[in-house]
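Comments concern the structure below.
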Amino acid sequence: MEKNVLIIGGGPAGLEAASILQKSGYSVTLIEKTDHLGGHLAVWDRLFPKGQSAEELLYRLVDNLGPVNCLLNTDIQSINVLDRSFSVILSNGNILLADAVLLACGFDLFKAEKKEEYGYGIYDNVITNADLERYFQEGDGGRIINPKKIGFVHCVGSRDEKVGNLSCSKVCCATAVKQACEMKQRFPESEVFCFYMDLRMFGRYYEDMYLEAQKKYGIRFIRGRVSEVSEKGDKTLLVKAEDTLSSKPIMVSLDLLVLMAGIRPSASGRRVGDMLHLMNEEDGFFSTKDSIYSQQKSDIPGLFFAGAGTGPKTIPETLNDARSSALEIDRYLKSNFPKKK
Amino acid sequence: MMDFGFTINKSSRIDLDRFDKAGFDKLAKIEPDVRKCIACGSCTASCSAGQFHRTSVRSAILSIQNAKENEAVELLKGCMLCGKCQMTCPRGINIRHLILSILKFYGTK
Amino acid sequence: MIYEGKQKIWSDYQKDIPDDHYFYVRSCIRQAFFPASEAAFLDITRNKLGRDVFETEHHTTCGGIAYHCDVIPQETSMTIIARQFALMHKYGYENFVCSCVTSFGLYCETLETWREFPELKEKIAENLLKSCNLEFAVPKVLIHSSDLIYKFRSRIAGQAKYKLVDKNTGRPLRVVEHIGCHYSKMFPSKGVGGAEYPYVLIGMIDAWGGEIIDYPERRHCCGFGFRQYFIQSNRGYSLANSNKKFESMEPYEPDMIITNCPGCSYFLDRWQYVIADTQKKTYGKNGHGIPVFTYEEVAGLVMGYDPWDLGLQTHMVGPEPVLEKIGIDYSPDAKYKGVGGKDIGCPECPACLK
Amino acid sequence: MNILASYSSIDPVSSQEFIDRIPSGYSNFVIPFVAGMLFILTYLLIGFIRVLHHVPWPDRKKFLISLITPVTIVKNIKDMVLDCLIHVKIWKRKPLLGYMHSSIAFGWFMLIVLGHIEVALFVPRHLGSISGGGLFYPIFYRFFVWVNPDHETMRGNLLFFLMDFFLLYVLSGIGLALFKRVKSIALGMKHTTKPSIPDRIGLYCLWLIFPLRLLAESFTADLSGGSFLTRPMNMMFKSFFGNSLNIMPTWWAYSIVLGIFFFVMPFTRYMHIVTEVLLIMFRNAGLKVRKPRKGFAEAEIYACSSCGLCIDACPMNVQRKNLKFSSVYFIRFLRRHNNKRINDIAQKCLMCGKCLALCPVGIDSPAIRQAQRATLMNSLPYDYGYLSSRPAMSGTYPKVMYFAGCMSHLSPGIIKSMRIILKSAGIDYVFADEDGGICCGRPLMLAGRNDAASEVMKANKEMIENSGCKVLVLTCPICYKVFKEEYDLKGIKIVHHTQLLDDLIARGRIKVSKDGRPIVYHDPCDLGRGSKIYEEPRRVLAAVGELKRASKERDESICCGGSLGSLSLDHKDRGAVTEGSVASLMSGGPEEIATACPLCLRTLGEKSPVPVKDIAQIVCEHLR
């Protein structure tokens, strides 16, 4: 009889792994706690470095899915490790036995209001990267009206001990530069400032994107972290930072401030993790069996990871991670349940 | 008026609202490379004048962006146009022309 | 401004302020410059609100000034503080109320340090025993006296004779609130409303009918900072900070400033005089400055205390415009009359500041 | 009909060889020619005075003196013949093109000369006298005379022959010119200039003048004589038209075309025909470009024949998009006072000097560019206060000073090799800018900031002279050129390291081993064209390896693209120039590219498929 694989999380990682495992002949069940597939991808408009449409990518992933049993609005109620299998009770009461489980719970965006000094949720014209993507997708009901001066704050909730996250969220720099360029495309007359601590343009084409942002769009990159935001009478913002390159305090009035909320471990992922007593690192992401050789394996045989559950990842990285997980799962099932002649 | 023995200290704060965008755009028309600087400092490090004088193209560009055009001119007055910086610039910025353009644009008004 | 957002933060930063039985310690600066504020505090809390507020003549400075001027080591200041706590304990109190924000900060810092480094705590206890032969103790609750007024703000409003409203126009007075840096910037959780959007004074103003105005440099330090102030050549720096705040608040035409910190109330008041004299610049209407009040003074005013009993004549910036607006009846002639009508002398006022 | 009338008036028994066919010596058709002639002569006179007026007095003095200095007089004549008539410079490069130019120039010149000789011989009264029509008579000689059939002499026939011969010579040139218009590459030019409208008019006139002259002379050949060309054509026409009625129209046409040509001349490239004469005299008088548009420069501008040889020469033209940056267009814009374009081009130029090297007229357009830059840049603020505060060179030093210069410090390989070589040659030297010196000043000059440059140069001069050295060794051609030409260091020998190495090897001060490694040498602009040092480096390389040839070398070598000369050329376009240069160097299949300039070294290194080394490095590798 064909083996059951349970995939927890319907984001890019879950979808990609599901379609591969399903095609390699396993019966795959994918559960997603929200009412839509795609996770954060579904609420993003365009993807760096080349501005591909997130919607098209998601459509493609879902299209490849095939006859996978997808359960939306479904969460894990309990999960137990049996001998060589897992018994899972779903929030809809159903019980199912899985020979392998893939944890693809992704990440949560950092709650920008936690950085009180930036006044997210208090000042009208302070928004987050996610808000901006939503605006790109369907507008924002006239909140952003032809801003003359726009600021982007990198590393909001990243590399910041005060909010309990020492690590870099990896994707924000590229996202900020992407969004900055998109804003210049929409508002060519606007002045755009990016406040960064370090620009981490590590990926292919990222540096080109950065160069274009400077050369074509004339975006001003200020090396310094915004320390304080206040609202003026006319709802414009007074932003303070240090220009560390000239080691002078800097002050600028902006019409719109976009906070690059970083990547935090997914709370729901943690919930499942706790049920399974999975260890996690100091940074709150799941600890893998080995940090280099087998990043997709957990300490529990038959339980695997894919995507941002084991640390921030770009979409291509997530997809690759999902593919390797699928491969690991396939290997695992083949070796543990050899076909009987 | 009474002598208190002190007066209000001048603020060292840069007010970006005073940045002259139109002017900078004009400069960028004359030498588009001005936008390409990544502040690596190679120019300052290799500068022939640099060992005698605070010449620095990197800082000059920054000064203009920080609405301190005169400071930029001061930073470049000592330049001898030897072109070493241009050889070391990783972004291939046409530095000598940039310097001449800055001196012409902000220095001869 | 999204008000709900602020309320959310305020609700996140509430501290439990005990209902009664407080051990009160004074502020060096306020005793010197606004003694009436502390007197008013005691009168309001004891007689108007019927609280048990105990103070002993044996208590001393917290050592903060010396500590922040780097003239005594931390250990010394900690021992002084330990002594204050010990006195509280000795007199059977466990709720410690201090009148000074610098002290409040230092007390918080000390308690935090003891929590982090128990061995140091032991050492201090030992010092205390050796030097004063007192039993070491830490307060159950540590609050600032503004926390207390904040707690009873509605009851004060209940007893109020006046509201912070311009009686001629019916418009609420526009109030700038300024919090001492050491009140919550060091330990946001220790201040009502936290560090970014402190609520302690806003709460009072809301309760007493005034209107709080926000302005860009709201968070900025008044510039006191002992190092800045006590060395004359550094005072320009101190002055620059206040100046920055005045420039930033001016467009919002505030009627008054309320503060909860000795240094702030002192400098926001005195620097207006220096600026008026040196820069020929005043920030209030037609040549007046912006009157600066301590929260006790404001509480006293709304409760109908005589302005001169509240010591408002010791301010450099005359409070009259505010008194006029609120409609408090006061006698201008009595301004410089002390107890029993004795003349206390009138300070030389710069022509440029009414 | 006055021609027939004139017939009857001829005295058949006259013994003269030639007789005035038209005794008046005048006919109305000469009017256009005369008018044009008068116009151009006055124009030239005014122009000459204007230019001379703009030349600053010291230069003007030089010029006037040169006019009476025998040496310069001889040189002037020689240059005029060789350059203006024979066009040797073009012959040397492109023989066919050279033939084309000389045929028209020299041929036409001879026609005029012979015309005058004939008049002088046969009807002397018409020569030189305004009343006798001296202005036009010799030009239209064939129209005015009748040859006496009974008294024809060898002499006459010889002249007939010569006239026809040179006419044919010119016509052959015109033929080529026509052909060149359609297919310039055939004459060795990839690109030619696009002529302006006046240029076209002038051009068409030039094309028409000689065919018309042929027609005209052919129609009168039976009366006024002719030779192998005109006679047969005359017969032919006779048999066609049967009468001589076409005589007048053709002579009219000939005169009119000449007239038009002279009228448009000032507004066309053909001004060079006369201006070049002035330029030669100025140059031989030793004048220099002071202002970009006045005086000497103006003479140069109008001496440009806009032949367009500089278009192919310009290294920027490896990308066709930069064609308009060539000198010919620069000069054309100067003539038209198009300041925007003038400044653009002036700042783009790499100042490699190749256009000057190849220019048939020898117009120093780089100098004009530099002067133009000065109008923009000399006023820029500068402050070299720090120069005086530098630690002075005190104490006694060896006789030899090595000055590496800014750029050499970016290529430590050069400095290291020089140290080793100087040591093994046992030369005691002082390294002037060991821990960083100041710039030589040439980059500032190239940018037109002469005042600033002089400050920097003053500082260097003091430093060098105070050191008391006798020989100054330089590894950078940019420094070399400026030290040599601008510093005038009394009693100090300035040598580029290529010269030093050559000398050391020749005198056996250093021993080098030779291997068969194929090496090609890149001539740095300021060392080759700039300072005419071509042989020394080649000798040195030949001594250590097998010297390969580049497709373009010596005064035709292609700038590496890194030149400090260009102000506004961006990195991408420079890259294209470099690729062009490398391609030329690689044509001989070398395994190594050698150069003698730190700037070339780095720039070529960016694009070269084989190692690029400074000549010092290569010598160092071969030290025995």
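By written order: A, B, C and D. Residues from 1 in each chain.
Methods note: contacts are C-beta pairs under 8 Å (C-beta built on N, C-alpha and C of every residue); 3 or more make two chains touch, one makes a residue touch a chain.
Bear in mind that the values here come from a model prediction, so they are computed numbers and not experimental data.
On a CA-centroid basis, which chain has its centre farthest from chain D's?
C
Is the number of contacting C-beta pairs greater for B-D or for A-B?
More C-beta contacts join the chains of B-D.
Per-chain Cα mean versus the mean over all protein Cα atoms: which chain has them closest together?
Closest chain centre to the overall C-alpha centroid: B.
Could you put a whole-Å number on the gap between the CA centroids of chain A and chain B?
39
Between chain A and chain D, what is the gap in Å from one C-alpha centre to the other?
Here chain A and chain D have centroids separated by 68 Å.
As a quick test, compute the distance in whole Å between the mean CA positions of chain B and chain C.
Measuring from centre to centre gives 46 Å for this pair.
Touching at least two other chains at once: which residues of chain D meet that condition?
none
Residues of chain C that contact two or more other chains, please.
In chain C, no residue touches at least two other chains, as defined above.
Got the chain A residues that touch at least 2 other chains?
Residues of chain A touching two or more partner chains: there are none.
Who touches whom among the chains?
A-B, A-C, B-C, B-D
Sort out for me which residues of chain D touch chain B in the complex.
347, 376-377, 379-387, 389-390, 406-407, 409-410, 436-439, 441, 443-444, 447, 449, 452, 456, 562, 564, 567-572, 599, 602
Note which residues of chain C are touching chain B in the complex, please.
232-237, 239-240, 243-244, 274-275, 277-279, 350
Which of the residues in chain A end up touching chain C in this complex?
Touching chain C: residues 113, 116-117, 119, 121-124, 228, 230-233, 235, 238 of chain A.
What part of chain C is in contact with chain A in the complex they form?
Residues 1-2, 5-6, 8-9, 194-197, 214-219, 251-252 of chain C touch chain A in their complex.
Hey, which residues of chain A end up touching chain B in the complex?
My answer: residues 191, 193, 211, 214-215, 218, 220, 223, 243, 245-246, 248-253.
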